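Please find the structures below.
Look at the two complexes coming up: chain A is in both, with chain B in one and chain C in the other.
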Partner chain A sequence: MSQWMTLFQKEILEMWRNFKWIWVPITFILLGVSEPLTSYYLPQIIKSFGGLPEGSIIDIPPPTAGAVLASGLSQYSTLGVLIIVLGTMGVIAGERKSGVAAMILVKPVSYLSYISSKWAGSLLLVWFSLFIGYLSTWYYTGQLFDWIPIGEFFQSFVLFGLWLTVVLTVTIFFSAALLTPGMAGFISLAIALVLSIISGALSHLLEWSPSQLAGYASALLTVGELPDDTLPASLVAILLIVILLWLSVFLFKKKELAS
Partner chain B sequence: MSLIQIKGLKKNFQGNEVIKGLDFKLEKGKCIALLGPNGAGKTTTLRMLSGLMKPTAGIISFSGAKKDGDIRHLIGYLPQFPVFYDWMSGFEFLQYVGKLGGLTGKEAKERSLELLELVGISDAKNRRVGKYSGGMKQRLGIAQAIIHRPQLVMLDEPVSALDPFGRREVLELLEGLKKETTILFSTHILNDAEEVCDEILFLHNGEIVESGTMEDLRERHQQAKIDLIFRKKTVEMGNTLKNHALTKSILIEGNRISVFVTNIELARKEFLKLISEKDWQLDKFEMSSMTLEDVFMKVVGK
Partner chain C sequence: MELLEGISWGLIAPIFFIQLILVIVSLVDLSRIEKTNGPKLLWVFIIVIVNIIGPILYFVIGRRNN
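So, the complex of A and B:
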């Protein structure tokens, strides 16, 4: 356990030294907060850009607070996912490529600890950034539109965080299984994208897919209640995370560290 | 007592047999040099011993290995080109690997300071490793290899990248380290091996072509040769020695006369007698001891 803490602390410190603790949360704040702000100021924005043609009457109904917050989440499921994948793809593949992984793993370090500490470090960063960003979005939505109940905020936060955790774990898995960070990032992004598209198109067939979690979180905000399939989708997500982590360790262990 | 036994160790890379079956033992407390020209398979051998690479065939048995075959608590390893976390300071890196090697936080700190002092980089301990010079990285690499007091320290070309001063210092460091642990280090520089090691394994084209202690090797490759250096050489000397009954062949270079003889002990007596009888002005009389370089050329050349 103390060895795991040593590894974990190193991850936290590294992210501090390369400023990930600063720029990832800030990006999440900017991505999220831009939604309530642009929705609220859209009429003025249109006007200041020359306005609409004379005589045209286009009534833009003010969106509901739930819809605004949900569109904040949809920012996270596109650009947020991109940031997470790009920020995590090198954590294992990069260390192996540089050779520092061999320096560390020739010490009596457990492979499980090595991988899980990296996973946990990235996990903390993602949840922290999501929390800060989403909380700011919630606050601005409340200020400019209506206040969403704090319970719904937390529920949708956890559901969405679970989906990002799946994305993160997939990235860690490919980072452990492949040799190049770029390849790991590309495949992880492709999988996240394909999963979202497929489960969007076949939503009635794949209610249990973890990629639905993002949609379920938005549904909670717009409709006001959770779809029935939230629980199975969450369980599948957790199961997938555990399996992928285990597979990462398994595949990583089988590889030669020096080549 | 032998620390490791290696039997039939082989490694193929895409069908190429790089290591063609090594058999050797390492005794506890010895310093062994893995000597060979570039491409002989030294690095590959060390990587297999450290577990970074899996052998194609063969057995490596460590005394003291865990049940699942894990030997990492027993070994310290320095790759040829050590890599660190550039954002850490040398002091931080040592503490980090010390703790990973099983030391407590306090022990790791004390041991790191001690090692930084030992390898001579304590002035730079708080500098980021990314700013270290090649020589400093090499020293830090040695420190991290021995921080958890392993039973066997494996160093891949620890001095090849260093300037003469650094080389001198690291060799002295190894000399001191010999008292604490078993050392296996690879090098292609003969003098380094000769200087610090008790035993030598000659690796050539993936095979051990010669091995043994320095004395063994010298004895085995000793040539019956006597070198004579005279203050003033005359033709008479050359001719007399050339026609001597014990002489096989003779080589004359300036004031030096090298005589290859049939029986070195007898030749010593006879030659000394001859020299004093004739009152030749002798500067130096040397029974040849073959240098490692001669052995090296001989085994590699065959």
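So, the complex of A and C:
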């Protein structure tokens, strides 16, 4: 256990060194907060840009607070996912390429603790960034529109975080299974995209798909109650995370021993 | 100037502030790092000129991880 903690701390330190602890949260804040701000100031923005004829009235019905917060979440499910995948695709593949992984694994370090410490480090970063970013989006929405109950905020936060965790784990899996970081990132992005599109199109058939979690989180914010399929979707997500982690340890071990 | 009156600066100012932090952090990192993907000077311009996206692009693409 203490060995795992050492690896984990090394991971955290590494993320300090390349400023991940600063730029990922800031990016999440800027991504999220831009939603309530632009929808609040939209009439003024149109007024200052458009050469509208004199006397024209712009009447945009103000969106509800829930819809604004949900659109903040949708920012995270596109650009946020992109940042997470691009930021973590190199964690294992990059170390293997540069030979650091071999240096660590020469010591009596189990493959499981090597991979799981990397996974846990990235996990912490993702949840921290999502929390900071989403909290500030919530605050801005409250200031400019209406306050969303803090309970709904936390519920949607956890659901959405679970989906991001699935994306993260898929990225780690491909990072461990493939040699090149670029390839790992590309495949993970493709999978996240295809999963969202398929389960969006066939939403009545795939209610349990983990990529529905993002949709369920925003449904909670706009409609006010959780869809019935949230529990199975969360369970499938957790199961998928465990299986992928186990598989990535297995594949990584096989590849390392072969090389 | 009346356009600017309706804007609450208490909410906008923090955004500018963290944006500034992002620019500074990426410039500090750029000065410390040995090599980047592409010429270093180019990244200085991208970070300073391209709002918000510039520093993020630098961290995601410009940084060479080794």
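What we mean here is this: the second predicted complex is superposed on the first by the 248 of 259 C-alpha atoms of A that agree within 3 Å, B and C clash if a C-alpha of one lies under 4 Å from a C-alpha of the other, contacts with A are read in each partner's own complex, and residues count from 1 in each chain.
One rule holds in what follows: a residue touches a chain if its C-beta (ideal position, glycine included) is under 8 Å from a C-beta of that chain, and two chains touch if they have at least 3 such contacts.
Values in this document were obtained by computation on a predicted structure and should not be read as measured data.
Asker: After superposition on the shared chain, which partner residues are touched by A:48: those of chain B (first), chain C (second), both, or neither?
Answerer: Second partner only.
Asker: Tell me which partner A:6 touches in the superposition: chain B (first), chain C (second), both or neither.
Answerer: Only chain B is touched by A:6; chain C is not.
Asker: Name the contact category of A:18: first (chain B only), second (chain C only), both, or neither.
Answerer: In the superposition, A:18 touches chain B and chain C alike.
Asker: Based on the superposed arrangement, let me know which partner A:256 touches: chain B (first), chain C (second), both, or neither?
Answerer: Only chain B; A:256 stays clear of chain C.
Asker: Answer with first, second, both or neither: which of chain B and chain C does A:201 touch in the superposed model?
Answerer: Neither partner.
Asker: Just chain B (first), just chain C (second), both, or neither: which does A:190 touch?
Answerer: Once the two structures are laid over each other on A, A:190 reaches no partner at all.
Asker: On the A-aligned overlay, A:94 touches which partner chain: chain B = first, chain C = second, or both, or neither?
Answerer: second
Asker: Touching A:26, do we find chain B (first), chain C (second), both, or neither?
Answerer: Only chain C; A:26 stays clear of chain B.
Asker: Quick one: classify A:83 as touching chain B (first), chain C (second), both or neither.
Answerer: Second partner only.
Asker: Which chain A residues are contacted by chain C in one complex and by chain B in the other?
Answerer: 18, 98
Asker: Using the touch definition from the top, list the residues of chain B that touch chain A in their complex.
Answerer: 47, 50-54, 70, 72-73, 75, 77, 79, 81-85, 87, 96-97, 99-102, 104, 144, 148
Asker: Quick check: in the complex, which residue numbers of chain A touch chain C?
Answerer: Interface residues on chain A, with respect to chain C: 18-20, 22-23, 26-27, 29-30, 33, 37, 41, 44, 47-48, 83, 86-87, 90, 94, 98, 140, 143-144, 181.
Asker: Within their complex, state which residues of chain C touch chain A.
Answerer: Touching chain A: residues 3, 6-8, 11-12, 15, 18-19, 21-22, 25-26, 29, 52, 55-56, 59-61, 63, 65-66 of chain C.
Asker: Flag every residue of chain A that touches chain B in the complex, lowest number first.
Answerer: 2-3, 6-7, 10, 14, 17-18, 98-100, 102-109, 256-259
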